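Read from first to last, the chains carry the letters A, B, C and D; within each, the first residue is number 1.
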Amino acid sequence: MDKKQNLKTSEYKSSGFGSRTDNQPDRLINQDGSVNVKKTGLNFFDHFSIFHFLVTTNWTKFNLLVILSYLLLISFFGAIYYFAGIEKLGITSEGFTTDLLNAIYFSSQTFSTVGYGRANPLAHETNLIAVAEMLIGMMYLALAAGLLFARFSRPVSKVVFSKKALIAPYRQGKGFMIRLSNAKTNILLEVEVKVLLVMVKEENGVRVRKFNDLPLEMSKINLLAMTWTVVHPIDESSPLYMIGKEQLDRSEAEFMVLIKGINDTLSQTIHSRTSYKSEEIEWDARFTPIYKNHKGVSEVAIDKISDFEKVSI
Amino acid sequence: MDKKQNLKTSEYKSSGFGSRTDNQPDRLINQDGSVNVKKTGLNFFDHFSIFHFLVTTNWTKFNLLVILSYLLLISFFGAIYYFAGIEKLGITSEGFTTDLLNAIYFSSQTFSTVGYGRANPLAHETNLIAVAEMLIGMMYLALAAGLLFARFSRPVSKVVFSKKALIAPYRQGKGFMIRLSNAKTNILLEVEVKVLLVMVKEENGVRVRKFNDLPLEMSKINLLAMTWTVVHPIDESSPLYMIGKEQLDRSEAEFMVLIKGINDTLSQTIHSRTSYKSEEIEWDARFTPIYKNHKGVSEVAIDKISDFEKVSI
Amino acid sequence: MDKKQNLKTSEYKSSGFGSRTDNQPDRLINQDGSVNVKKTGLNFFDHFSIFHFLVTTNWTKFNLLVILSYLLLISFFGAIYYFAGIEKLGITSEGFTTDLLNAIYFSSQTFSTVGYGRANPLAHETNLIAVAEMLIGMMYLALAAGLLFARFSRPVSKVVFSKKALIAPYRQGKGFMIRLSNAKTNILLEVEVKVLLVMVKEENGVRVRKFNDLPLEMSKINLLAMTWTVVHPIDESSPLYMIGKEQLDRSEAEFMVLIKGINDTLSQTIHSRTSYKSEEIEWDARFTPIYKNHKGVSEVAIDKISDFEKVSI
Amino acid sequence: MDKKQNLKTSEYKSSGFGSRTDNQPDRLINQDGSVNVKKTGLNFFDHFSIFHFLVTTNWTKFNLLVILSYLLLISFFGAIYYFAGIEKLGITSEGFTTDLLNAIYFSSQTFSTVGYGRANPLAHETNLIAVAEMLIGMMYLALAAGLLFARFSRPVSKVVFSKKALIAPYRQGKGFMIRLSNAKTNILLEVEVKVLLVMVKEENGVRVRKFNDLPLEMSKINLLAMTWTVVHPIDESSPLYMIGKEQLDRSEAEFMVLIKGINDTLSQTIHSRTSYKSEEIEWDARFTPIYKNHKGVSEVAIDKISDFEKVSI
């Protein structure tokens, strides 16, 4: 990610998106970092990865699925015991509903390996069903342990980006700026950022997407403990040189921001991204300082990361 | 993986395969990415890694092994209880088959830690066997949890490559092209690709394998969200310059494609590879576009990744 | 981390801390490696990550939390059984305290899936509570397994740094030196170190923080098996050239030391850091050798890593 | 690890071992890859890491420890039940030994959560002990699952090196060669190797250790599927140029070989190393080819990796 590489021509299209505009939507990356792409023609298991879903879904859905699958499994085996005959579990019949419920209670005691033993498989049929249910129960527990750990150990970041990018006076000229931070209390190490500018240009009568890797004042920092204002200086070599708001709008400009870093709790590499369309750019503004020295400790107001103030030029 | 390194002489044989042709088979890498190599002289445990097998085998085999090992273990302990005497479990004898089965049922209740308690170790012998079986049962569960998690957390990719590589007009000259994508709904980050060409040449009367690292128009992309057409421009510096189909066939050409990237769900690095023999190359053809703009979202038809159409030159 | 990069101007501020002094405390990194920063405006879950806490807290607190949560959960369900009526568990009432305790005992037997079966849900209410408690118990166990593994697999290093940094004669001139080692018996691989010097300078009447990446005699070693004395030679190009103790004090100098390496047991990358303020620098001293050849094995006295002796110039 | 870096002066001592010879043993790295270093002055927990031991010890010791700790824990709780009074478990006394054993049997049923329920806590004392033992049992199981997974997921390699290094005719001159492979059936990716030569030289009357990074014909390969013969060409720039066996012996030469690569099953980086003293070098010999083309598959005889044959010059 050094400057020399950033400027290499062969990297200009390195975003992984094509240059044709006719068959692509207006925005390539959404502001939440997801990509504006849908894959078709995948087979069912590729399209809907159960593991991927169980690991990445939120806790509410995960817990509901745990409860639901548990109830389904114990009810399923309960029904089998019921049809095998609950007297073969040593339970006296008291009518359909009670009998079915009693079978499900017994099923839950087997599934969870509680096994109180009041109800109890007395015949070969019920014993064999129980032998099967015990294994399912053990595997359910093993699976839950594995999934919970996978959820825990997933590299999670909460990189927050300023809602708007700014173009404002910077040194002798102007600069394109965004501000970012990590909205968790831990710190990120070896943080690298890359800003790609996508603009649509007319070439021989065809509208073509042009990709530019914007050189940054600083593209890597050692520690992200506070906030980081990423700056692309708009000098003569910049594709933004002498370009105004109207031109940017007309070229359907999109600024893709890709960031990676290392979470210092688990030493995991995390990736995050966002994008700014030209309407999400504020001209002639600068980010409001959000640091405060409070009893010898720097306080950073993360919730004010998007705050900016207009500057008169 | 920048161009300078790609061209370094010392990297020419860097595929890890030797240059002698007399003791090597026709194809070095199979199209599914496995290598055409067998190691002999390994000791049993190196040759057959149980863990490696349990982690990489498919789910059907894994589940069958779980069930089989469970049945074997509970039967094994069941037989021991039977020989110790099932009256020492408080079970009344009812003949060989029933007694053995009852011993196995009890065994399963101990192994899974269900422990209904109807059958119950009454003597020292049966108690001691049970003490052992409980530990085995606990370890079986712990092992299952560990293996399930190892299976889940294994970096899995499903990089799909076009069935054929194409040699077709590209810019002013020709280009060698393959198309690839990720057949999962997640995206791959920092994807790097390397194409190695292996050709057999006569040197002083000896047929020698020559390795070439083919320079690519682009060897790294930031995001693989759609498809990627990897292109090696056939200019004067290319080993393919002025080479036709017959020559390629005669030199037993093999194009090895090595790819790595980062799975954005678990931030794991994944590797994949394939190879193309000269008969898997289509001349004068180009890949059919498979993108569609559907309500502002790019749709990619992954199942059509190998589709190409002939071009007239 | 090669020298060329170390000297690049754009890296000078790459510590991730700003250059303004008015809103920052005296020290940026504490000697224990934590940063002197507090984030405000985070929402509750970002600010207090339960998982982060459970994984990084010490074993005493972790064990206390395990015991406490277990007692709370079994007491909570015990109370529910009590209010449902302990006769519905087949327990004869013996007064409030005993009944409640008996309900809690039964609850623990269900939660842990022991299920002796003496007490036993006899009615729908108690059976349904038990069905719920079994699941909670299984998930508690799965969670404990996941957390224990996360704690185990966390990349842990115990890089120890000398308490003081030394400035002493080195080759023809002087050098800034610190000594470090790994206070675990395993070895660290591919260890890289970076030393950043922060000094406050007056510029146009404003006090500004200046960052310098100090070039090191050696910034990477292959194996850290013993100790490593990191040396910055103070030559003409060094920001420390011709600077004495008083000047260093006045400029509020802080030397940040960032280190990373690979733990060879689990192949995990570990990071550590410390900082030295000017009062933690010893002038004209050198580290005492702490190696001894004992029966053909090098012995290193890690506890003496900070030992130094004065040198007369 | 490119050549330019290999030749940098500042890297010459980059092995992490010092240059003084007076306080260091004859050999720095043992042939099995362990370092010839002992750390003293560590506190107990740093010196003896229980986790590190449980994860890296062999399976026989691990299993013995699992069994031993299980027996100790159930006996410990069994003794407490015994002293509390086994009649409080509903067990009729039959004399000291039987009573203690019965208490231990009950303890095992509680610990493993089997809970048959024949023996059964009837009093507050025994119930409270059982409440504690259940938690210990659950945590024991969780711990075992975590440890088993940590053992499984540990990056394991079995890189095998030829027993001897060879110095033999190579191209126009001579070369220093070692042969290595992976003695597992999986393949290693992106394998890098580094060879450091340590020689003792007299300087101003003091014997000083000199480190040299030997430039290699190839220092990185993409795939290690077969074997790799690592070659350092002895040309004019080599520290071995014009040096004979006697000189090498006298300089106490040690060749350290450091290798890293990526295991393609779990995408984990693995590290390995070995060293050759001058007596482990064979002059004027070459490695015997160990490849065979068997029905279109390359067969590699890993057990013959050290085989060499003398060459006449």
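One rule holds in what follows: a residue touches a chain if its C-beta (ideal position, glycine included) is under 8 Å from a C-beta of that chain, and two chains touch if they have at least 3 such contacts.
Keep in mind that what you see is a predicted model, and the values were worked out from it rather than measured.
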Discussion item. Suppose you list every residue number at the chain A-chain B interface; are over half of them used by both chains (same) or under half (different)?
Written reply: different
Worksheet entry | Pair joined by more contacting C-beta pairs (A-D or A-C) | A-C
Worksheet, complete the sentence: dist(centroid_CA(chain A), centroid_CA(chain D)) in Å evaluates to 36
Worksheet, complete the sentence: For the pair chain A and chain C, the C-alpha centroid-to-centroid distance in angstrom is 26
Worksheet, complete the sentence: Among chain C residues, those touching two or more other chains are 109, 113-117, 141-142, 145, 149, 153
Response to the item:
Contacts from chain B onto chain D in the complex sit at residues 5, 10-11, 13-18, 20, 22-27, 35-42, 46-49, 51-52, 55-56, 109-110, 113-117, 120-121, 124, 127, 130-131, 134-135, 137-139, 141-143, 145-147, 149-150, 153-155, 194, 196, 258, 260, 268-271, 273
Fill in: Sites on chain B touched by chain A in the complex
2-3, 66-67, 70, 74, 101-102, 104-105, 108-109, 111-118, 140-141, 144-145, 148-149, 151-153, 158, 181, 183-187, 189, 191, 217-226, 228, 262, 264-267, 289, 291-294, 296-304
Worksheet entry | chain B partner contacts - residues on chain C that touch it in the complex | 113-117, 142, 145, 149
